[in-house]
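I have a structure I would like to understand better, so I am pasting it below and will then ask my questions one at a time.
We just call them A, B, C, D, E and F in the order they show up, numbering each chain from 1.
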Amino acid sequence: MPKPKPPKAAEEPKPVLRLGLPAGSLQEATLDLFAKAGWSFTVDRRSYYPRGDDPEIEPVLIRAQEMSRYVEAGALDAGLTGQDWIMENGSEVRAVADLVYAKQRRSPVRWVIAVPESSDIQSVKDLEGKRIATELVEGTRKFLARHGVKAEVEFSWGATEVKAPRLVDAIVDITETGSSLRANKLRIVDTVVESHTQLIANRSAWQDGWKRAKISSLALMLQGALLAKEKVGLKLNVQKQDLERVIKLLPALKQPTVSPLAGSGWFAVETIIDESVARELIPGLKAAGAQGIIEYPLNKVIP
Amino acid sequence: MPKPKPPKAAEEPKPVLRLGLPAGSLQEATLDLFAKAGWSFTVDRRSYYPRGDDPEIEPVLIRAQEMSRYVEAGALDAGLTGQDWIMENGSEVRAVADLVYAKQRRSPVRWVIAVPESSDIQSVKDLEGKRIATELVEGTRKFLARHGVKAEVEFSWGATEVKAPRLVDAIVDITETGSSLRANKLRIVDTVVESHTQLIANRSAWQDGWKRAKISSLALMLQGALLAKEKVGLKLNVQKQDLERVIKLLPALKQPTVSPLAGSGWFAVETIIDESVARELIPGLKAAGAQGIIEYPLNKVIP
Amino acid sequence: MPKPKPPKAAEEPKPVLRLGLPAGSLQEATLDLFAKAGWSFTVDRRSYYPRGDDPEIEPVLIRAQEMSRYVEAGALDAGLTGQDWIMENGSEVRAVADLVYAKQRRSPVRWVIAVPESSDIQSVKDLEGKRIATELVEGTRKFLARHGVKAEVEFSWGATEVKAPRLVDAIVDITETGSSLRANKLRIVDTVVESHTQLIANRSAWQDGWKRAKISSLALMLQGALLAKEKVGLKLNVQKQDLERVIKLLPALKQPTVSPLAGSGWFAVETIIDESVARELIPGLKAAGAQGIIEYPLNKVIP
Amino acid sequence: MPKPKPPKAAEEPKPVLRLGLPAGSLQEATLDLFAKAGWSFTVDRRSYYPRGDDPEIEPVLIRAQEMSRYVEAGALDAGLTGQDWIMENGSEVRAVADLVYAKQRRSPVRWVIAVPESSDIQSVKDLEGKRIATELVEGTRKFLARHGVKAEVEFSWGATEVKAPRLVDAIVDITETGSSLRANKLRIVDTVVESHTQLIANRSAWQDGWKRAKISSLALMLQGALLAKEKVGLKLNVQKQDLERVIKLLPALKQPTVSPLAGSGWFAVETIIDESVARELIPGLKAAGAQGIIEYPLNKVIP
Amino acid sequence: MPKPKPPKAAEEPKPVLRLGLPAGSLQEATLDLFAKAGWSFTVDRRSYYPRGDDPEIEPVLIRAQEMSRYVEAGALDAGLTGQDWIMENGSEVRAVADLVYAKQRRSPVRWVIAVPESSDIQSVKDLEGKRIATELVEGTRKFLARHGVKAEVEFSWGATEVKAPRLVDAIVDITETGSSLRANKLRIVDTVVESHTQLIANRSAWQDGWKRAKISSLALMLQGALLAKEKVGLKLNVQKQDLERVIKLLPALKQPTVSPLAGSGWFAVETIIDESVARELIPGLKAAGAQGIIEYPLNKVIP
Amino acid sequence: MPKPKPPKAAEEPKPVLRLGLPAGSLQEATLDLFAKAGWSFTVDRRSYYPRGDDPEIEPVLIRAQEMSRYVEAGALDAGLTGQDWIMENGSEVRAVADLVYAKQRRSPVRWVIAVPESSDIQSVKDLEGKRIATELVEGTRKFLARHGVKAEVEFSWGATEVKAPRLVDAIVDITETGSSLRANKLRIVDTVVESHTQLIANRSAWQDGWKRAKISSLALMLQGALLAKEKVGLKLNVQKQDLERVIKLLPALKQPTVSPLAGSGWFAVETIIDESVARELIPGLKAAGAQGIIEYPLNKVIP
């Protein structure tokens, strides 16, 4: 007699997180960040569906501009994109974590109104009745509405920064250092919105226990990898009489570990510091009596 | 006594034609075509305002998608773009000449509705209530309206061909050979629109005598250069008894020039043929008695 | 009277190890691995004799396919190549160490019989009388002989995966992920052999004390470098009451070092873990009470 | 009684010529040559089945080394490869046309025996008992047999020219200018075989009327395109008294066309010359009284 | 009494012309020009001694800056370089021909004095006592001396255009369009010297009959190739009644060839025109009744 | 009572260090070194004024050849360049630190006199009356003067190593491995000067307290980063009975840290070693009883 089939439970499909990764300019930095965080994705030429080493994640490369739309609609459980585009799309999603990466994006991105250096336009009010080209059409319209200004805002397919004054009166474009605007002889009039990258989740997915845990692990590890890029490990030896002076110099963010070196009057000190202060700190430590100072790199820092 | 200064007329500013050239995928082919037609434009890295060798033309590189908008508004006098984008923008402009270039675009471009090979969707009617991603949002909406179908059409920022079925039910995308669709396991359901490149003019500019003449010269020379890419010059020698047979083989599009070779019973025949038929024609000519056949390249052909 | 010549001993030439490195697709990964292990080789363009920083090693770049032949013949003392090619050449050499490197080769390489998806061939038996193209001619012939099948096996000079069905009935080719086979619409019928990279030695060289020691050092350091690519260092702090819980989560492969932090009730825990488990482990450690978790990279791990 | 022919005739499949094109180092030059001859093939990245503009030709990219094997077996109707590899494979095929192309291959390719500059080997005889590495194993064995020499000939997977003297005593390798041999401090001992590219056909295919005509057209047009690369058109004007002197200077290969310029005492002379002699010829023609000399390029020359 | 000729005559070595070609920025354009003129030179990577197809020429690649020095000293018989560097070196050489090539150098090169836009320096006089960086040290010193100005002129090893005002007060640098100067916010104060490329000869070599003839042939063919880049061939048909009108439109530089088309009332007209006027001329010709206008490219034009 | 505001001091402009970085072949290695030391500079395409992350440093990219001139003149406060060029320019500057970087420059650079292999010139004396090409004109002249030799020394604009014997009798050029000289069949006759990279300071700047401290910090951190490239961290465990043996094997440069592992009879040993000895040392340590050996990378080592 044949055995009865076991209950379906054992055959339940393994849960999978559909994750959107930003294609294009942020793609390489994003994949690097995930690799540092512990997830490796391989992108075949022309494919938008990377292969990863975690069977619980199904990654898709999508333009940041439309990411939130697909997360909101549930085609994706989670994704990385900018706050600007979440607002532009008016998407209802759960913001899980802020992620500030790609060196030149340590500070948030800014969308600014820019006009030719020689333009008469000095403030938002002067845009009344003008023609504005931008990729951020909705954001710009809302900003103008808040200021009670009526202007023609049209979608720009690219090279926005060269359009004023020949084709339009003003533009709304992204800027980091302002150097591209200067190179095109444009002057900033006002800031429309500031933005940085976020890990977002679909609202239903966030209610699902397994998915929320998975997304939270992603957030924790991504932030740990980002933090590690800014930190370094530091070890040094110091004699008893200099110990206090050296300790005082160390940033207070974390108690350093101090261990006596057996029978020698020396102490080993170990701590984590911001890489950016090392160039100021280390000469001071040496002057204060520290010796055998070594700095070493970190992969992840979880406070 | 000094002569009175002549009236200002002589100092009138030289007229200039503001000409839009398509930036991006068609850019290189377009600049090559203009070079063949007799206008050389040099593009500095990152600049969208090429330098040219004709002071009467002020060129601007603009995405084909927005070209007609700026020609309609008069920011440009003329431009090259596709019929598809003229329709998408609903622009009122003057179509001056059809220009079919870039080898793989000898035949017009097609925008098609495509669905996953395994989809149930078999015709336009089946799109009712579905979600469609496309760059050609207005064109798609009009097409659906003509068929009485209601569907959600959303703008796709790129990589449209990989979105079905994971993110949308169908896409409307451009296709030439269909190989990209096949590679993404998509099936064509219907054609939304066909299109090719046009030289268009602003309506007021077309009423201006100087501008119309300038645009017409551009059209003539561009078409002459395009035609020359398809044609070759052919010379051959043939004896009297074979002359008629050889002449008959030659395409009828233009009367060949036949000159007797002094005192020899031989004739020199010269004509212009389509390059595409040369591989069929030449073996036949040789079999019919032609000798010393030479084929040479052409720069321009103005019928 | 001339002095008698001193005994040769003082003038003995310094011993040298002639080492074959695989040219071609594995070359870069191999040189990276040696650099990590402590040997730096510089390859001049077009030269197959790299310059190294160890005067005791004379490196030669040779294709993996013929490496074992030259090691067997004694032209080389040792070399790196695949088991597949050692077998193909039927070379009598000493296998010293298995080396699994180049990320996509973590798992062994497989040579498989593949046929067109629509082919009637379902098993080895169906290959009787067929035509098979492969780079691994001898290996394929032995495999068929073991199954009592007679087929025409011919050497393929390249692009083997596109030859079926137009030029041959089946192929035997290398596969890692199977994606190239799928892209060419081929179906795997059977596995001919699995293989990974080995450090091999000439049998006489292995009997020579100095050479054996040198080859063994190479093996130790190469394996130490490979192991380090999979491992990371981990440090964390934890309070007494959470210590046991945290320790239990750590993989058992090596006893972690636990040191009390002076007069604080906290303990510093340090260990080595597999990088691949970090993304699972670290969120758990944090949940269990660990703080100040840092992960750092390793150069070498010698268990 | 014979069965009546089925009405299918009208639906007979269009005949197709399966044509092998050499993949690898000759690929680009070959595709250029076909384009000049009138056939355009587009190669997708990684595909070995180009798309062409002639539905009667089905092209396949195959390594020159194995081309003749597949033409002989009938998997291909025709192909381009070197005589050396036809001989190496011992293939029974029909040689249709010699094609000498790729500038540095105007003269045939030579396979030579080369030894280290300091080697004792001076002639074929000295190879007795030696070890020889080569890609042309069969050709080398036959050559040695003809000279009654026994030696170990082994297949070289690449970089043959760096193998002597460290790995083998001599090599047999291809050479054009000898510069690669000199750079590796090798000396040529003898020539094993000379070779150039041929268009070959399968013997049955050559018996098929349609296929033979198609292959013959290919041969005619390919040779016409090759000849045109070496020729240029020349036009000049000359006065009656200098005419004879100028005509005498022109190469005799083809009678120049001489036409009187109406009522002027001048004659227009037109001819085809070898490009390689132009630099000698033109200064002479000018010295002899020729004026308005113009040289123009040719696409094809069919004598 | 003259010495009897030595019997050596028959064995005299073949004469050879040692020719210097400019390495660096002009190299590719120069080799292209020679190829068009009929001499093909192949440059191996890293070699400065190209291989050519004319055994009578021994080419050497040398920086334009030092060319005239080696031609003057007789290490080279002839060479191509700029007038600026001939003057800078004060070399006594024979100028054989002016060669204006590389599109952006149709007009001569200019060395200008440039200062920061905001500098007080307005004329040469204001340079008194200032510091000037330049590659053209001697030329600058002579220029200043002619104007009675004393200033410190120092050799600049590169990036001259970025040195003012931080490192020096003014620079003397080469300019074509002035765009690099503008990009560095520099203002032109004066022109030091204008220059173009010349073919120069060593004075003794020029006295040698064979060498002078060889150098003259080079000059003739190089100029013929340069001229051909600016010219095109033109053919058209025209009816008798329009003939005169069409002929009048054609540039007068060369009498067009007019031949009646047998028994048709049509005439074939053939001529050579400047490519730069084609875009103006052809629309006019068509308007005047010309038909079947074809334009074809030229390799060489020797007036 | 509020403190009175301090005098102007608070409004003094922030001091800035003008720092010269070597453009060209050393540029990338230099920027990498600064990044490791803690200063990040971003170089825009074509700009010679990098943007840095330290507002106290104003960096300029200048060719190493002219660096010392601008440091001496005070246009720069400090810079990195070679001793050879400091001497060539005869610049009076303060040498602050030796910096040996770019792997192939671990050993100092050598300027050597080289002649064709077949030349009669055997020593400096044989250069009397000869012609020598070099970039190091002054250094060569001084060297010859010290040896009482008169020769013509001329500036070479590039490709010096190919000039002998065709253009000059000897050259003075830089060499590291001598391979470029050998490739050009040159023989070294003598060494003119040896050199390595130095951090130099303007003499007045060195007297300024703030600038000297800033330059000293740079020196300390750059040297710390350089040292770290040669060092690695090492940790191992060893049993009590093997401890002494293991410790003895460790290099004496720094006392290792030894900590008992609680209640286990094992000790943890931690130290810093030269990376170059690891491949010798680690096999020995393992043989001596060490276990769990791990090697990890360092960012900076300040002894």
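Simple rule for what comes next: a contact is a pair of C-beta atoms (placed from the backbone, for glycine too) under 8 Å apart; a residue touches a chain by one contact, two chains touch by 3 or more.
In this text, all values refer to a predicted model and were calculated from it rather than measured experimentally.
Would you pick out the chains that touch chain B and also touch chain D?
Correct list: E.
Check A-F against E-F and say which one is joined by more contacting C-beta pairs.
The greater number of contacts lies at A-F.
Can you tell me which chain lies farthest from chain F, using the average of the Cα atoms as each chain's centre?
Most remote chain from chain F, centroid-wise, comes out as B.
Of the other chains, whose C-alpha centre is the longest way from the centre of chain E?
Max centre-to-centre separation from chain E belongs to C.
Measuring from the mean C-alpha position of chain B to the mean C-alpha position of chain F, what distance in angstrom results?
The computed centroid separation for chain B versus chain F comes out at 58 Å.
With chain centres defined as C-alpha means, what is the inter-centre distance between chain B and chain C in Å?
54
Could you give the separation in Å between the centres of chain C and chain D, each centre being the mean of its C-alpha atoms?
Here chain C and chain D have centroids separated by 43 Å.
Between chain C and chain F, tell me the centre distance in angstrom, where each centre is the average of that chain's C-alpha atoms.
36
Listing for chain F: what residues touch at least two other chains?
259, 296-297, in rising order.
Are the chains arranged, by touching, as a line, ring, star, complete graph, or other?
Drawn as a graph, the chains match no named shape, so other.
Can you work out from the touch definition every pair of chains that touches here?
A-B, A-C, A-F, B-D, B-E, C-D, C-F, D-E, E-F
Using the touch rule from the top, collect the residues of chain E that touch chain D in their complex.
37-40, 42, 44, 51, 53-54, 216-217, 220-221, 224, 228, 231, 233, 254, 257-259, 272, 296-303
List the residues on chain B that touch chain D in their complex, please.
Interface residues on chain B, with respect to chain D: 103, 177, 179, 232, 259, 261-262, 268, 275-276, 278-280, 282-283, 286, 291-297.
State the interface residues of chain D toward chain C in the complex, per the touch definition above.
Against chain C, chain D makes touches at 23-24, 46-49, 60-63, 65-66, 69-70, 75-76, 154-159, 162, 166-167, 183.
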